[in-house]
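What follows is a group of structures, each given as structure tokens.
You will see chain A twice below: alongside chain B first, and alongside chain C after that.
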Partner chain A sequence: MLLSSQYAALGVLLIAPTVLVFCAVIVYPLVSAIYLSLFSIYTPTLQGKWVGLDNYAKLLASGEFWGALRVTLVWTIGTLVLQLVFGIALALLLHQNLVFRSLARGLILFPYFVSTVVAVLVWRWLFNDLYGILNHVLLAAGLIDMPLDWLGQMPNAMVSLILVGAWKYFPFVVITVLARLQTIPDHLYEAAEMDGAGPVARFFDVTLPQLRDVLLVVILLRAIWDFKEFDLIWLMTGGGPVTSTQTLPLLVYRSAFGLNEMGGASAVAVLMMLVMLVFMALYIRAQRQE
Partner chain B sequence: MAFDSTLKTGVSRRAVLAGVGAAGALAATSFSTPVRAQQATLRWWSPQAAPAQREAYLFQIAQFEKANPGVKVLFEPTSDEAYAQQLAAAFASGQVPNIVTHLPSFAVQDYWAAGLLEPFNDVITALGPQNFYEGANRIYEIDKGKYAGTGVGNTAANMLWVRKDLMQKASIDAIPRTWDELRNAARKMQGGGIFGAPLPYGRNSMTSLIFIGVIHQAGGQVFTPDLQVGIDTDKTLAALDWYKSMRELCPAGATNYSWGDSLTAFVSGATATGIYAGRVLANVTRQNPGIADSITCAAYPTISKDVEPWTFNDFPSVFIPKAAKDMEMTKKFAAHLFAPEGYIKQLLAAPGHVLPVLKPIAADPNYTADPIIKKFQKEVDLMAASAAGGYNLGFESAKHKPNTKGGKVVNSHVIAEMVQRVCLNNENPKTVLGETAKKIEEIMKS
Partner chain C sequence: MAEVTFDKVRKAFGSAVAVRELDLAIRSGEFVSLLGPSGCGKTTTLRMLAGLETPTSGAISIDGTVVNELAPAKRDIAMVFQSYALYPHMSVAQNIAYPLKKRGVSRADRDVRVAAVAATLQLGALLDRKPRQLSGGQQQRVALGRALVRDPRVFLLDEPLSNLDAKLRAHMRAELIELHRRIGKTMVYVTHDQLEAMTMSDRIAVMHDGVLQQFGTPKEVYETPANLFVASFIGSPGMNLVKGELRAAGSGLAFVRGDLSLPVANGGTAGAAVTLGVRPEDITLGAGPFACTIRVVEPTGHETIVMAEAAGETLVARAAPDSQLVPGQVVPFAVRAQRLHAFDADGRRLPLVFAQSNGA
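On to the complex of A and B.
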């Protein structure tokens, strides 16, 4: 009995650091955000008053929140799908016996490594209506008469954002999928070939099922990261034109530091978290049922 | 405290210049000077951080550090579009800079109203209130006798810049005075890869600030003198109508233009007219000297000749956060920024862009001898006069009370959004204007 008590105390002692760290980095910020969302707080002074659920009521009644949620979903789904398509395609290509394969595998990571600020500056120059190479090439090819406004009108702004997002983050899909591809046993492909399966059938019947687990993780992680993406969108369009590319993280930033309403911003952040939790729970449940 | 800002007659120019020189010296001595070296690190924020300006700041810093052993000054650039967010975070965290320069005066009014700033009276006294242009400090006197900051310069931010060579080619005799004339001129000059104007249509502060000017150029206002929302009028509708009609004369990317893009469009020769402050002079001289002899500026046109021009002066400021460490040394540094040698270097880093607020500096041969100032004396004089009679949302006219929510209205982008909804989305102007007025009312009440 005494021994088991000692073991229990030791167990608590050993687990305590983990619990403390968890509380410090997860529980405290979470509780703080929820707590702040119940106040009206002026950001520079952090002083305010209790308003209860008013911030939530105002948000849910405002078109701005729902508009930003819709934009966030369009951006997340759009860029995620492209990341997966490009990522899997490139991973399959880099899995072949190519000349300079190692070099190509290294170079493919370049967009992922380059700083977002630098990437956005480069893309903004490419998209520039007066000096951008994209408009220059399209004009020279006679495809357009006047320069296109890539970032200042819809749907161009959203399409441009999704494309740049896909370019920036698809290497993550490439490296994770490529790692899994290298562990798929060859005999599965040999057996499929003997059964008369062509390249397409082998992809859908062998490769894709083998990638399922890794894709589940990739989709989960990338969906979370894309859902809360801030810097790329802020630097590319600032949320415009009007609010056509204003996602929820931009709304949080604008509320907290543009309008100096920290309470309202916290309420958006908490709702963002809830939306993500609901989507992730549904997604994982659907995967398990399959 | 009331300052007598008029120069007494009978004081010679030499004496005035000597006075400012003395002000610089005074700046170094009027705050209690420690006998032993004092260890301190001061942080200086400014959105005006072009390479030449930074070089001038470093000169001022080096001078100050030399005169104050043990003191280190760090210059940290911010930006016109992001300072509000950065300062909000700085105030909230308590990690404030010691001194902030070149922010628009309405930002200072906003922070003062929230009790976040140190009164600037000591610094103004050290510099000599009589050395400032008349009325230069009135916008900072939000509470009677207490100054939230002072001007580090003046800027006429919405001047109309034109290319005389293109005007001649298009057989345009005179610089446009009214909106119709400007639109016709822009239409005539547009072509061959050159657009008529680089007006901003982005969701940013430039669009808000420029369009506030356009409302005034239509004879309207955003607030009444007693700070009731007064934007929902036919005059604003006329402003929206004209601004929308100019869209086809601006580059496609103007939908995302902010200050830098608009400036570059004119300087590079991509547009026949420009809307900007005096930085055009230095940039054209350095980056596109081929058009330097052809450019000139005028006050931005108005709806008709009956409406006087309205110049947007953001009154580039200098202020000190109340939570700044080493307050005495900070004030000493604030005063040092106006010491003639360094201040003139700072002003000449972008000649004609930030104009002096101290009368003797404007007359100082070291300032007036600058080749760009000399070459464009007429334009610089016009900008100085326009800026002196200029206003902004924190102070819309001489009749208006200081508006401590002006910064919040600008940073909320409600005015830029109104422009975008009407000009880009073709929404009903009356409906959009009504909604915008309500949003501004909510901001004022918050």
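On to the complex of A and C.
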């Protein structure tokens, strides 16, 4: 046996565990989701019959899928934009020499590590139309005459969701952006200052270009995570009122366990993946071209 | 053209004092180096002039106008940073044009001025590159270009050559001298490298522990160092310093250390502790009234550095490259009396005049 083929064999042996694990946890579920989406399956018994692309045809013809897609996009874009704006703003603030900076940096993580169930319970109290503190404060301040229904009415329910989502996940943006901010050399700011750049120009000409790479990753990750967010929305509104906050992951859940149509649910999941793939491809291409 | 004046300028960071009561008057068009070891306050001084630090007390003026409260951009000065501080996402042309853009210079005007600066610094072919695609020397030139393009009153340079290799540094040194001669602007140059300071400056301000030690031409600083610090900091290899005292000898005084005795022609009081300074080139090996034992011989090609022992001290001397000295050899030596330096117990220069010794 040649030495080079011995090395090749060793190489195959060494990557084999990774490949096997990868197949078991990623390839198999993916392939089986696609496979299941071609059947009509009754969830409790998992018995089903081959229907080909019927599930897809039905979905694409139904208003429910398109409605859920629209809701998902509104939610994802709305909450992501708020996360970025507040995340970058707070990272800039925490980068200054504040008195309780390290304490504040620690506290900022709180929404991110508190369990979603706990966070949602708290927010539902705050948002409650009868005894919620939000309505109480707004009434006391004279901003509203009547208590508002924050979760049972549109567009309030979506606004509430987007706000809570932004609150829960902006610390991720803060931490990543702050880490990058700390590595921007002071000399760049000093040079810009001497070159006549004011604070705003320094942000756009020095800070933002330096943050570009980290923001690329943050937006990519947060967009994926927000797009498939389930627990927060399910616990806050359950997709309601009626289906006005029903995102695609909620539709998957309802199809699989509410309507007991595992095949249809798998089809939604596969379509979700395709939508995300298309967006990511467009996004990455746009970033490369710049 | 601009004069720069520091009037009793002091800068403290908390309890640490970086610069103490600095008085410095830089003439218009002068190339002045701030020279000293790290932590001596030279960079802080430069940054105060740039406006990046505010003096704790005292006044900094440019052309008679106090600029303490003026923002860096309003002082009409440009600075080249040690790290170059080029904007990484901008091309060379955009980097050079940036200060003009921020000052509202029109696009067409900017292009003309960038092209002119690029031609001066031979950057024409690199204008579309990003800083990371440039070598250290090229980045250095872009940083210079960004300073030049504004045509400021004063140029500040913060150790601009320290990140370059030795050969490129020598080349850039010559380019900077040439540039200064051509544009004739006031330049303040911070360095810890005495060779840079000596070769480029009209005058050198030697600093140590936040205190200005001496401000003079390279020749003055080298030939009449104001104190022990300047004497030992300037020159390579450094000045030999021999501690001894003045004693009565014959009709006058003599500096005495062990069996070393040098008659003093003028000045000094008997019994005073004195440190004698002798530059390596002022020791002549091979003939003279004193004797030393050769310890180490270091040929460098154009000269030979010799370490020898005399009167319990190690002396460093320069010898001709063809000198046939070997370690262990005992050779006679002489010192050039008119080139000796003397310092008192506090390190201040003493106005002693030595007489040429003709054998003790």
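Note that in this section the second predicted complex is superposed on the first by the 289 of 290 C-alpha atoms of A that agree within 3 Å, B and C clash if a C-alpha of one lies under 4 Å from a C-alpha of the other, contacts with A are read in each partner's own complex, and residues count from 1 in each chain.
The working rule: contacts are C-beta pairs under 8 Å (C-beta built on N, C-alpha and C of every residue); 3 or more make two chains touch, one makes a residue touch a chain.
Keep in mind that this is a model prediction, so the values were computed, not measured.
Engineer: Chain B versus chain C on the shared chain A, clash or fit?
Structural biologist: Overlaying the two complexes on chain A (C-alpha atoms) leaves chain C and chain B fitting together cleanly.
Engineer: Quick one: name whichever of chain B and chain C touches more residues of chain A.
Structural biologist: Touching more residues of chain A than the other partner does is B.
Engineer: Please work out whether A:114 is in contact with chain B alone, chain C alone, both, or neither, and reply first, second, both or neither.
Structural biologist: In the superposition, A:114 touches no partner, neither chain B nor chain C.
Engineer: According to the stated criteria, A:130 is in contact with first (chain B), second (chain C), both, or neither; which is it?
Structural biologist: In the superposition, A:130 contacts chain B only.
Engineer: I want to verify one number. Taking the Cα centroids, what angle sits at chain A between chain B and chain C, in steps of 10 degrees?
Structural biologist: Spelled out: centre of chain A as vertex, angle of 150 degrees.
Engineer: With the two structures laid over each other on chain A, which partner does A:258 touch: chain B (first), chain C (second), both, or neither?
Structural biologist: After superposition on chain A, A:258 lies in contact with chain B alone.
Engineer: Taking the superposition on A as described, I'd like to know which of chain B and chain C A:243 touches: first, second, both or neither.
Structural biologist: In the superposed model, A:243 contacts chain B only, not chain C.
Engineer: Is A:209 in contact with chain B, with chain C, with both, or with neither (first, second, both, neither)?
Structural biologist: It touches chain C, and chain B stays clear.
Engineer: Touch check for A:148: first (chain B), second (chain C), both, or neither?
Structural biologist: First partner only, chain B.
Engineer: For A:201, decide between first (touching chain B), second (touching chain C), both and neither.
Structural biologist: The second partner, chain C, only.
Engineer: If you take every C-alpha pair with one atom in chain B and one in chain C, what is the shortest distance in Å after superposing?
Structural biologist: Closest C-alpha pair between chain B and chain C: 51 Å.
Engineer: Across the complex, what residues on chain B touch chain A?
Structural biologist: Within the complex, chain B contacts chain A at residues 81, 84-89, 91-92, 111, 114-116, 201-204, 251-256, 265, 268, 270, 408, 411-413, 417, 420-421, 424-425, 443, 446.
Engineer: What residues of chain A sit close enough to touch chain B in their complex?
Structural biologist: Chain A residues touching chain B: 42-46, 128-130, 146-153, 237-243, 253-254, 256-262.
Engineer: Please output the residues of chain A touching chain C within their complex, sorted ascending.
Structural biologist: Interface residues on the chain A side: 185, 187-188, 190-197, 201, 205-206, 209-210, 212.
Engineer: Sort out for me which residues of chain C touch chain A in the complex.
Structural biologist: Residue list for chain C touching chain A: 50-52, 71-73, 77-79, 81-83, 85-89, 98-99, 102-103, 146.
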